[in-house]
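See the structures that follow.
Both complexes shown next keep subunit A, but they swap its partner, so subunit B is in the first and subunit C is in the second.
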Partner chain A sequence: MTVKPIKKLVKYNKAETRTAWLCLLPSVIGLVCITYLPMIASFALSLFNWDGLGEMQYKGLHNYVKLFTSDTKFYSSLWVTLKYSFMSVTLSIVYSMMIALLLNRKIPARSFFRAIFYLPYVLPAMAVYLGWKWLYDFNHGFLNYIVRLLGFAPVKFLDSSTLVTPSLAFIAVWLSGNLIVIFLAGLQNVPRTYHEAAEIDGANAWQRFWKITIPCMTPIIFYNLLMSLVSNLQVITPALSLTKGGPGTGSYYMCFMLYQQAFKSHKYGYGSAVAVVLFILIAIFTAILFATSKGWIFYEGDDKE
Partner chain B sequence: MKKLLALILFVVMLIPTMAIAEDDRIHITYSFWGNQTEAESVQVALDAFNAMQDRIFVEPMQIPNEEYTQTLVNYAIADQLPDCGMVNENAVLYFARNGVMADVSDMYAGEQLQPMDCITFKDDGTPVGYSSCNEILVLYYNKDMFDAAGEPYPSADEPYTWDEFVEVAKRLTIDVNGNHPGDDGFDANNIVQYGAFVNNWTWQMEVWALSNGGAWFTEDGKECVINTPEAIESIQKVADLALVEHVAPLNVIPEDNGVGIGIGSGTVAMTTDGTWRLGTDFPNLDINYGIAPLPVMEEKVTLCTSGLTGVFKGKNQEAAYEFVKWYTREESNWESLILTGIWLPKSEYYYTTEEGINAWLGNEKYPYNHDMETGKKVLVDYTMNNAKPACWYFTPNTQITTNEILFTALQSVWSGERTAEDVINEIYPELCEAIVVD
Partner chain C sequence: MIFAFNNSSRLASRRKREKAANFLSMAVLVVLGAIVMFPIYWIFRSSLMSNGELYAYPPAFTPPNWRFSNYRDTLEVFEYWKFLGNTMTILVPSVIGAVITATMGGYAFARLRFRGKKILFMLCVGSMLLPSMVTLIPLFVVWAKIGLVNTYWPLILPHFCGGGAFNIFLIRQFVKTVPRELDEAATIDGCGYFRILVYIIMPAIKSAMIVVGLLKFIELWNDLLQQVTYITRRDQYTLALGLNIFKGSFNDDWSSIMCATCLSFIPGIVFYLIGQKYFVEGIVMTGMKN
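And then the complex of A and B:
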């Protein structure tokens, strides 16, 4: 027992810490310069009126007051964003869980089907939306061609403010190949031994799914739910490429509103205010998700029941 | 070996610096949007200019159309604006008011070729820039579809009244059983050929307010009058073509491709759209088409408009001014833009003198030279006598009013979910607020 080894350890630790910091540096610089500083700038900008070229005018909370009191489009925007997120998150979680369960079974040509369901996710977004535009089109679209053949009146998939969000959420569900892959990975990690034990005890398939698969999958479900929620609240691509925010405010999602206000109307302050509200909204939902997670997530090796 | 390679690399790297060092001309940048074909025609013009210059050298800077104005604003904030470039119509007054653009009001002083007043941008009455060309809205029709229906072609002398337009469109609209709107058993859900499509791309809708005896904004650009009964009715009439009359395809979310949705789709007999389509679209469409003046609600009118080539303030302003003056002359773009039909000339000379008219309309390369008489009435006479400038020539902040507020709101009218009156009255205060300049 001497002091020497400890000293060595401290030295070693120091060197290691330095290396760690050096390795972290690029991403820290990136995060600070590309994420945190613009975030702070965007918040500061939301207190001004600025058209990009002229003088900046300090307006205090004016932009927020305007958003919440006199901008009717803002509430529509908030509503359609929540509607879209709710639909696409719940449906894509259920859909991808189902597909993952199917793909996890020993079915013929399993790899082929896995590729098929993952394919939409790797396609370029613009191409995907262009394809769906042709399917959904009112006058010449394929879906309405079928509807007409069956003798019904054509459906305004993208041309009615009530149907546009469900139609777009459906595309989001179709696109959720990444969730399927994560679910699949999770399913393969569910210990066989639990299933075997339950089988011996006489549990049927449904009981095993409900009592073993689902609890073991809760951390994965939580992760997918969180990621899917955050990305769907920030929806903009379908609005940009398919509907231009319409009809009316039918797909005037918050991200689209901020883009439109800041970069098309050159109202940078106002656009930033929308961005800040969206940020807070996402933060609230994430917090709710985390707060409730303790109650329903089961971690193996966790000491609670 | 390695040393030799390094030496070669070093020499190669030196070449461009030597080239720059040798060239003591003033290098200026010209920014533009457009597709590959347009980029090539721009390069042809720049090469011609550079070849005859020993003082100025122009380099092109291509920016995607969607992001064009935004990119220029970013450059302006960073103090990195190009020296000159195209400016979108709805951004001209925004740029001018913020002191980004150089004064070009004397560019054509004392010249024989004077740009028309109709395409002069005015900020509070003061000229701030001239469009690079002229474009007006016309009616395109498919001659074969008219022949098949036994319908006489639209007249160039006596344009359709709106009611006649709707009636003709009904006769040209056919459902899957061969019935027309109004016939017993007409099936509105299974229309195989539409009679008409009025381009409802937001800015083009202004022409119908003017045609109906109304307007969107007063001529001093200070007041919004889109809530008058005439203006509101004009919007509803266009929407009703699809919703009530069943003579037009539904187009709820407008895109800038009226011809593509209309006559170019092969299922529509008549379409209203801009004259640039003569050069950009029709040469690629296998359609036997004709042109006529727009239908008339109350007044014979068309809208004229076109983007501007601006000189931006900066140290190369004087060189950029010289280039722009050269570049925006008709002669500089004669083969590539005028004779292809993409641009109509911007100087009065080409509309008021026999010699001037013959130079382009009578040229065998011009897309509509086979029917010069019609071309003269529809393109020349209408420009001189019936064309009014689009609102962005005199109204501030159209990037907010037409681009954002009206574009979004009118979609509810196109879809039939709300009436024009309802929608316009709702957004009217917002429009009034948007055009106030502080």
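And then the complex of A and C:
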């Protein structure tokens, strides 16, 4: 005999609904007016040619055709953005996971160390990049002092198209204190009993790390990976503050291209087309991450297989 | 007996190993911590030296003469207080707006039942993944149309609209930890939903509100792009923009540039020291909830 599920009849309290919408009013306005509508507007704007003052000219997909067929700078931009993101995301994740593992041990002055590794994150970006410009300076920078001590010729860290990406990614790693704190919070939630049980069964530290710590941390790793990928693909600050897109197209990131096209060359339509491509790029990466996540994310209490 | 003995010796060796491992981690942390702190030290050290001393080879690891007067000289040409004042004029209202509206939003999502909540919440969380860069041009166009470019409004007003999905989400997680019995007791005493928020929820999630404020502060403090986009008049420059111009006009005067850099570090460090305890607490709360 089958019992029909009783349709849930939720009566919404009027006063409750009214308060809820009142409380959410600012957020709804924000979501509509500064997130979703402008996003749609970007798509629309990318179909036009517009200098911000004169008539808007409808051009269909012309801007995209131009991007993909005749603008060589666009491909460089795509490439350096991907290169930078890949480098800074992987290195920051590995670095911050490692620091978090070390900080998770029973060591004295733990909060002091945590503060040290977090500190770069709270410094203002412009000042950070200026400081690093000095450290990277060709003639008098500290890093070139080390390079010379090791017996090599000084290096153009920011003025060589091969080195600019690793140099800027290195700063990004240095700034990744927020990832450390999130990893640390995750580590503290890994049940101790799992480790104890595995130890009784004779698992060594290495095995426990790969079979317990890492699986329990996969949701956090996923979160950090996703969030830093989304934010790194939108990299612009180092180009704005330091390298101005150069040398050559060495740091001509997509967001920087968008910014230049829209606000320096006053090609709002073309800039919007870059924005839309960036949007699609990020959507693809997000989709890939989500699609593969089922295979490698372990949720507690989730009986897989 | 034998069993017990075995066990305790195993325990002792395990303790020993753990101690060694802890010592090793400590050593690695000390080294890495020194490396992470070194750039900041180097910048500070450079700010206390003359350009002649900076250009010497090999470089001095501590300033030969501690020239604190560098700061006085730099403050004469670098309009630090004005830039800091401008920055705060943007930051303070933005942070307050974000905290208040995020708290209201988070409360509604955590506690109140209403039609459309699920969809709205999904739209809200989903917007975290949307690249904010994509909204830059249309928003600028609209602000320009209203004629508010070159004012602080485009930098402040958006933060009165929920303060960002992440912050709403963070507040929601915190509100969920407040026992519902408190709300119910207040309802029996005749409190409406709004008064519950103000008198029950807000005192209980004070630390979360501080975290939101601090995170917002850092976010805006670092947000060079918005400032570059909307502010072009020199008298409205923020610290970041001022620093950028300063670098341009004092090209090779690294001593002064490093002074200005250190001066810009200070507010960030002060705010961090004040809020350190809350930071960790706040992130522990959100990091978990996939």
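The working rule: the second predicted complex is superposed on the first by the 282 of 305 C-alpha atoms of A that agree within 3 Å, B and C clash if a C-alpha of one lies under 4 Å from a C-alpha of the other, contacts with A are read in each partner's own complex, and residues count from 1 in each chain.
Note that in this section a residue touches a chain if its C-beta (ideal position, glycine included) is under 8 Å from a C-beta of that chain, and two chains touch if they have at least 3 such contacts.
All values derive from a computational prediction rather than experimental measurement.
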Q: With the two complexes superposed on chain A, say which partner A:G52 touches: subunit B (first), subunit C (second), both, or neither.
A: both
### Message
Taking the superposition on A as described, I'd like to know which of subunit B and subunit C A:I107 touches: first, second, both or neither.
### Response
second
May I ask you to decide whether A:C23 touches subunit B, subunit C, both, or neither, giving the answer as first, second, both or neither?
second
For A:F263 in the superposed arrangement: first (subunit B), second (subunit C), both or neither?
both
Across subunit A, the partner (subunit B or subunit C) reaching more residues is C
Identify the partner contact of A:G295: answer first if only subunit B is touched, second if only subunit C is, both if each is, neither if none is. neither
Message: Once chain A of both complexes is superposed, is A:G202 in touch with subunit B (first), subunit C (second), both, or neither?
response: neither
Could you say whether A:I220 touches subunit B, subunit C, both of them, or neither, answering first, second, both or neither? second
Footprint intersection on subunit A (subunit B / subunit C) at 52, 139-140, 263
Interface with subunit A, subunit B side, in the complex: residues 70, 73, 76-77, 94-95, 97-100, 189-190, 249-250, 252-253, 255, 265, 267, 399-400, 403-404, 407-409, 411-412, 414-415, 417-418, 426
Residue set of subunit A touching subunit C in the complex reads 10, 12-13, 15-17, 19-24, 26-31, 33-39, 41-42, 45, 52, 99, 102-103, 105-108, 111, 113-127, 130-132, 134-135, 137, 139-140, 142, 145, 174, 178, 181-182, 184-186, 188-189, 205, 219-220, 222-223, 226-227, 230, 233-234, 236-237, 240-241, 255, 258-259, 262-263, 268, 271-272, 275-276, 278-279, 282, 286, 299
Listed in rising order, the residues of subunit A that touch subunit B in the complex are 51-54, 72-73, 138-140, 148, 152-154, 156, 158-161, 242-250, 252, 260-261, 263-267
Touching subunit A in the complex, subunit C uses residues 18, 21-22, 25-26, 28-29, 32-33, 36-37, 39-40, 42-43, 46, 54-55, 57-59, 101-102, 104-105, 107-109, 112-115, 117, 120, 123-124, 127-142, 144, 158, 160-162, 165, 168, 192-194, 197, 218, 221-225, 228-229, 239-241, 243-244, 247, 254, 257-258, 260-261, 264-265, 267-269, 271-272, 276, 279-280, 283-284, 287-288, 290
